Structures are given as structure tokens and as C-alpha cells.
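Labels A, B and C are assigned to the chains in the order they are written; within every chain, residues are numbered from 1.
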Amino acid sequence: MGGVPATATARRARPARDPRPRGVTLGRVVASEADKLTSLRSTGWLALATVAAAAATAWGLVFARPEPGASGAPIAVAGAVLSQLGFLVLGARTGADEYRSGTARSTFAAVPRRLPVLAGQALVTAAAALVVAVTALGAAVAATAGLRAAAGLALDVTDPETARLLAGFVLHQTGVALVGLGLGALVRRPDAALVAGVLALVVLDHLLATNPGRVADTARALLPGAGARVLLDDGRLDALAAGSLGPHPGPWSGYLVLAAWAAALLAAAAYRLRRGDVT
Amino acid sequence: MIEVAALTKRYGPTTAVDGLTFTARAGAVTGFLGPNGAGKSTTMRVVVGLERPTSGTATVDGRRYADLPAPLRTVGVMLDARSVHPGRTAFRHLTALARTHGIGRARVDEVIGMTGLESVAGRRAGTFSLGMGQRLGIAAALLGDPGTLVLDEPVNGLDPDGVLWVRRLVRDLAAEGRAVLLSSHLMHELALCADRVVVIGRGRLLADAPVAELAADGSLEDAYLRLTAGAVEYQGRAVGEAGTTAVGGAR
Amino acid sequence: MTATTAASRRARPTAHRPADAGGPTLPRVVAAQWTALTSLRSSWWAAALTVVVSGVLTHLSAQASSVDPGFDPLGSLTSGVVLSQVPPLVLGVLVGTGDFSTGAFRTTYVAVPRRWPVLVAQTVATAAFALLTAVAAVAAAVLALLPSARSRDIALDLGRDGTPQTLVGMTLLLTAIALLGLAIGALVRRSVPALTAAVLLVLVLPVVLLLATDLSTDPLAPATGGVPPAVAVVNTVVAFLPSGAGALLTADVVVEGAPDLGPWGGGLVLAAWIALPLAAAALRLRTRDVV
């Protein structure tokens, strides 16, 4: 019989009180956000696709590269343009999914101060992006190892330029993921965030590059696409600076532009989160 | 009239509907009862052609749903109130639906009036409350003036006024000679508006009888609970019963 | 209480029925999909954005080039094409995924249980809406050239060799891109994966390939004669991507190393990119449950 049991006349003893602190802490919010990210099968597929994209692009480029003796680092990190799409989706989806699916109602009922959730999402996204980026870089290096040796392309980690490129790859992709998170949390629609991100990072940069001019070059230096400069080897950076009529930031200045965009978007998202409604 | 004969629907290893046979006749309201996960919604989806049966048949007026020349004029369907694009206004949603069958604007206005949605017809469906969404779903079902109606939990989320309105509506439709198949979990309400009741559990038929006969000794609710005792999929437990653990924070 | 005795059974009011069975014929389903498409604010935003982007970019490009001695305003005609493809692409994806991502498919396929008319109707409605948008966008581009042309006292001769073809090509391209979005959306059915795939295919992949050629050539090395094999391979691949094929529609140039498909070839390639996902979507509708 599955009916409701009769109300007990004998009073049952309440369960003993749990001694641990009861409230919401940042650590718990971070753990919760990490759980949300890893509980989706699509996250795994996305990570896999991103790693594959980076490795495949690098592998394809080794065939295209004609002259030996140069550094193999630019090739290993060349997949960044393609794989950054995966990081963008990772961030945009994390930021926007709460609102699209209505999960925001339960999330912000549990954490009414709200901002810890965004902070937790940023930490978790950055951590996940770091892991995936390192894996992608490793895959790209591994995929091209044999071919690079045959073509005579060295990968010397002690060389400062190589070190910059390798570290820059990981940092750049993580930065892109955070830009995605900022966009997703701000506009709250994953498709709009994705399109805006692709436009800002890839399309606009390419368009401006092919239509050079003082205004175009200045804009290029100030858009998040400038972050890609950290992935260019010194020869290409010099060529870029020589051909530019606007400011030509160095690799790390370019990365700072990307980081500043991420910070600004996240700040805007935080403002909206704090002041507005979450439904 | 809806005829379901030896209908079976499997999703991989799971059998959602298992050899179900029943008829929802014209001129009567047939209630469709069963625990959560019993296969009611699956059966309804097969009847209206959204899903194909693994074996067996489900026909409306003797034909498969997909073979009907004018489906909306034969069967009015309300499966899920969330079947509307949230960016569309109620009026446009109904108009787009009406256009598929050449149904005119007059009829659209008529069903909006019948369901009491005049004041919100121009609002986007994403802003609707649960009750308003339900009414919109019922409006869509009535659009083609069909001879058969399939309604999945139509009174879900409606206020008492709305519940009474659906009861009267459904009885009037049956009195006009239409067949109505409606699923519900509100026993007392169903006892008031249904003529026959089909009870299923775990995809199988448990009872198919007039309400009066089932509720002969005791209420419909008692009869239902008796029939479905062994077929409940998700059984909750009372607080304090064996197996319940305390979560930190009891005061 | 039940009350269905024979005495109380009323006659069902006879509703007016049209001459035919009153069912979902293809013209009716097209009308319904048109209503559905135009009832969404996002459709109108996409159309407006297309026109605005086309006009603004063309104007800026023409203004920037107007100081050159050999200025030809019509040379800037296609400068807005790449970016103005984005709103139609997104529009197409949204139409293709809209039914499934919102649950409205339950209403749609219950009204039209044979299913295929819905996909056909979506294609027709999207094509019509995109065509109207494209015409407006191309007109905006032409109008945007006027200020810079007038500043240099150059008359715009639209009948000149190549220009009518470019105008038609731009219109077709914008329409086709919307249909490509529809095809991908109808196949994938979920908006984020569909949008990612569409954006990847149309926007990102060409840039990646171009950067690849850039990487494979040392920028500081002296220019050699002929086309490096790497560049030829990449240009061939790009010619068979929607963006490259589409570019062939608008300009009659031969890209070095790529096969000379010409505008008709480019159009065929683009049509194939649309037709294949659409066919796969139709097959999926036919053989699987609609859930």
C-alpha cells in the first residue's frame, strides 16, 4: 500500500545536529560549480574536440612548413586560432546556461549573495581551461614530434621565445574562456555570447587585418583579438609592427588587452547580477 | 474515437508501454490514469504520431494519425504546455497553427475567447504563467473544432475557476458527440467529469471500466490506489522512516 | 456528475469546412511557417543588422579609399559582405533549431504529421525572408557608396561590366548563407552546437586556413615566383568551403592555386553545402521519433 501513513501519535526524536558549519562559503560554491561543469557529458566532448583541433592543426601545418632549422614552437601553438572556439564555448555556456535552463532559480536561492557564484564560475572555468589547454598543447607537441624531427624543427624549452609561445598558448586559451564566461554571464544567452565572441576574437581581427589603415590598426590593437600576439614568434611580431600604422603592442601587452576585456566583461556581468533580477 | 490495440513502445531496454489495448469512444470522456512514469504520455505521443510504436497500433477514427487528411480538424491535442516558442505572442502562435489547415482568423479569435485569453493574447508566451500556458494549449487543441480530443493533464496549474471551466468544457464536448481522452492525477475531479476510466501501471493495462463501477465501494481514489499498489515507480518515504538520513542543519 | 444520456446529447455544431479536406497542404504550411518566422523579434533584428552592417561597412570602406587617386567607388561594393553574412547565418540556425530548442516541435509536427512539408516550408519561408533582407542589404551597400562617389564627382554606373553580376551574387550569397544556417540547425537541432558548427564552418575555418598559409611562409624571406604548394592547397580547400565558394559568386577573380570554378561552380558548391545537411535532416525526421 503506497498511501500516506497515519500521523504518528508517538513523537519521534529529531536526528542529531550536524556539528559542521551550515552556511554558504566560497569554497562550497566553487565545489558546486565544479560539480556542475564536470557533470555534463558535453563538457567532456567539448574538451576532446578542442584538444583534437589543436593537435590536428599543428599536425597539418608541419606538412605545409617548407624550411627546416627554424623553431617548431610556432607550429605547435598554431592550433590556437581554431581551438579557441572550444574555450569560448566552454566559457559562454557556463555563463549562460544557468539562465537558459532556469537553473538560476535554484542556484541563486541557494546562494542569495549571487556574486560568489560568478566568482566560482570564473575559478572553475579558468581551472578547466588551464587543464584542457595544457592537454591540447601536449597533444599538439606530441602529434608533431616525429614530423618535426624529420623536418629538423627544434622545440627548445629554454629558448625564451619558445617558452613564451608555449606559456602564451595556455594563457591565451584560458583568457578566451574567461572572455566567453563574461559574455555568457552578461548577455545570458549562449548563442548571442558565442557569436559576439567569435566576432570579437576572430572575424573582426581578420577583417581589420585585411583592410589596414590607421583606424583599423588601432582598433586591432584594442580588441580582444590582440591577445593572439602572445602566440606569434618574434619574426612575425616585427613584421606586424612594421606594417602597422597604429600602436603596436608587444606580445604581453596584447595579452593584457585580452585579460582586460575578460575583466571588464566579468565586471559588467557582476554588476548586472548584483543589481538586477536573475529570472 | 481512439483505438489502441496491443500497443508496445520500447526505448532500448526499457519498455514504456506493454501490450496496451483500450478504446476512447465518441460521446464519452475517458479518463487516463496511472502513476508517474506509467506510460500515459508515451501512449498519447504515439497516438498523435510524434513517436512510432514498436508494435501494435494506435488509430483515430480507424486511421493512423499521419494518414488523416486534416489532423487538427480530427484530433485536438494538448500534450505539454511548454510546446510554444517563448518569443512568440499567443495570438501569433495560434495563427501560425491555424494557417497550416487554412483555419481563419475568426476561429482563432473564437478559441482565444473560449479560453479566456483575450487580455494576454498579444503577450509573448515566454511571459505566461503556468495556468495561462495551459489555457493556450487548450486553445490550440480546440482550434480545428475536432471530433476527438487528447489532453495530457489539462488542469495542471489552473485555478479553481479554471478547473471548473475545463470540467464543463470537457463534458460539453462529449455531450456534442466528441471523444475525449484526458489524463489527470486529480481523482476527485476526474470522478466528476469522466465516464470511463483506463488505469495503466508500468505500461500495462490495469483496469478499463466505467467510473461508477470502479467507485462502487469507496471512492475512485481508493480503487485507483488499490489497483496501482504494485505498479508505483517512484515511492517517497515519510520523514523519520528507516533509511532517511539527517542533513546537517536540523534545528 | 456524468450526464451523457441520449436525451441530453446535443448535435455538434457544424463548423464551416473548406472545399478540400481542410488539411495541411504545402502552401498552407508555408504560410504558417512564414507567420512563425515573422512573428519573432529576432528575425527582424537579424534583418536590420544585415542591412545596417552592409551599409556602414561599405560606406567606411569607400570613404577610406576615396582619397586614393585611382578611386573606383564600385571597388568597395563588396567590402561589407563578409560581416553582413553573420546575421543571416544566425537567423537560419535559429529557424532550424527553434522548434526543437523550445519544445514547440510538439505543436508543429502534430499539425503536420507527415513532417517533410514542415522542413520544405521552413526552407521556402527562410529563403523568401532572407532574399528580401539581402535585396535591402545590397541596396544599402550601393547607397552607401554615393557620398564618397559624389565627393570625387564620380558617377556610379551600375550597368558596367561585372557589377550586375556582383550585385546578384551578393544577394544570392546572403540568401544562401541563411539557408546554410537553416540546414545545419535543422540537422543538429540544438542551438549552441548548431551555431558553433555554422560559425566554425563559415567564419573560423577560412581564417584558420589563411593563417596557416601565413605561418608556412616566412614573412621576411624574399618573394619567390609562382604559387607555393602550401598556399595552393589551402586556396583549393577554401574554394570548396562555403565562404570561398560564396566569394566566387560575388567576384570573378581567379584565386591563385585554386581550381577555376567561376561563379556557377561556386554557386553549385554552396548549394551542395545547403542540400546535404538538409537532406540528412529530412532523413532524420522521416526515420526517427520526433522528441
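Throughout what follows, contacts are C-beta pairs under 8 Å (C-beta built on N, C-alpha and C of every residue); 3 or more make two chains touch, one makes a residue touch a chain.
Worth saying up front: this structure is predicted, and the values here are computed from it rather than measured.
Undergrad: What chain lies farthest away from subunit C once each centre is taken as the mean of the Cα atoms?
TA: B
Undergrad: Central chain, going by Cα centroids?
TA: C
Undergrad: In whole angstrom, what separates the CA-based centres of subunit A and subunit B?
TA: So the centre of subunit A lies 45 Å away from the centre of subunit B.
Undergrad: Roughly how far is subunit A from subunit C, going centre to centre by Cα mean, in whole Å?
TA: One centre to the other, that is 29 Å.
Undergrad: Taking the mean of the C-alpha atoms as each chain's centre, how many Å separate subunit B from subunit C?
TA: Distance between chain centres, rounded to whole Å: 40 Å.
Undergrad: Using the touch rule from the top, collect the residues of subunit C that touch subunit B in their complex.
TA: 1-4, 8-13, 15, 17-18, 21-25, 28-29, 31-33, 35-36, 39-42, 98-99, 102-107, 109-114, 289-291
Undergrad: Name, in rising order, each residue of subunit B that touches subunit C in their complex.
TA: These residues of subunit B touch subunit C: 27-28, 48-52, 65-66, 68-73, 77, 79-80, 82-89, 92-93, 95-103, 140, 144-145, 147, 171, 174-178, 192, 194-195, 211-212.
Undergrad: Can you check the complex and tell me which residues of subunit A touch subunit C?
TA: My answer: residues 57, 60-61, 63-67, 70, 74-75, 78, 81-82, 85, 89, 93, 190-191, 194-195, 198-199, 202-203, 206-207, 211, 213, 215, 235-236, 238-239.
Undergrad: Quick one: in the complex, what on subunit C touches subunit A?
TA: Within the complex, subunit C contacts subunit A at residues 61, 64, 79, 82-83, 86, 90, 93-94, 191-192, 195-196, 199-200, 203-205, 207-208, 210-213, 215-221, 228, 230, 233-234.
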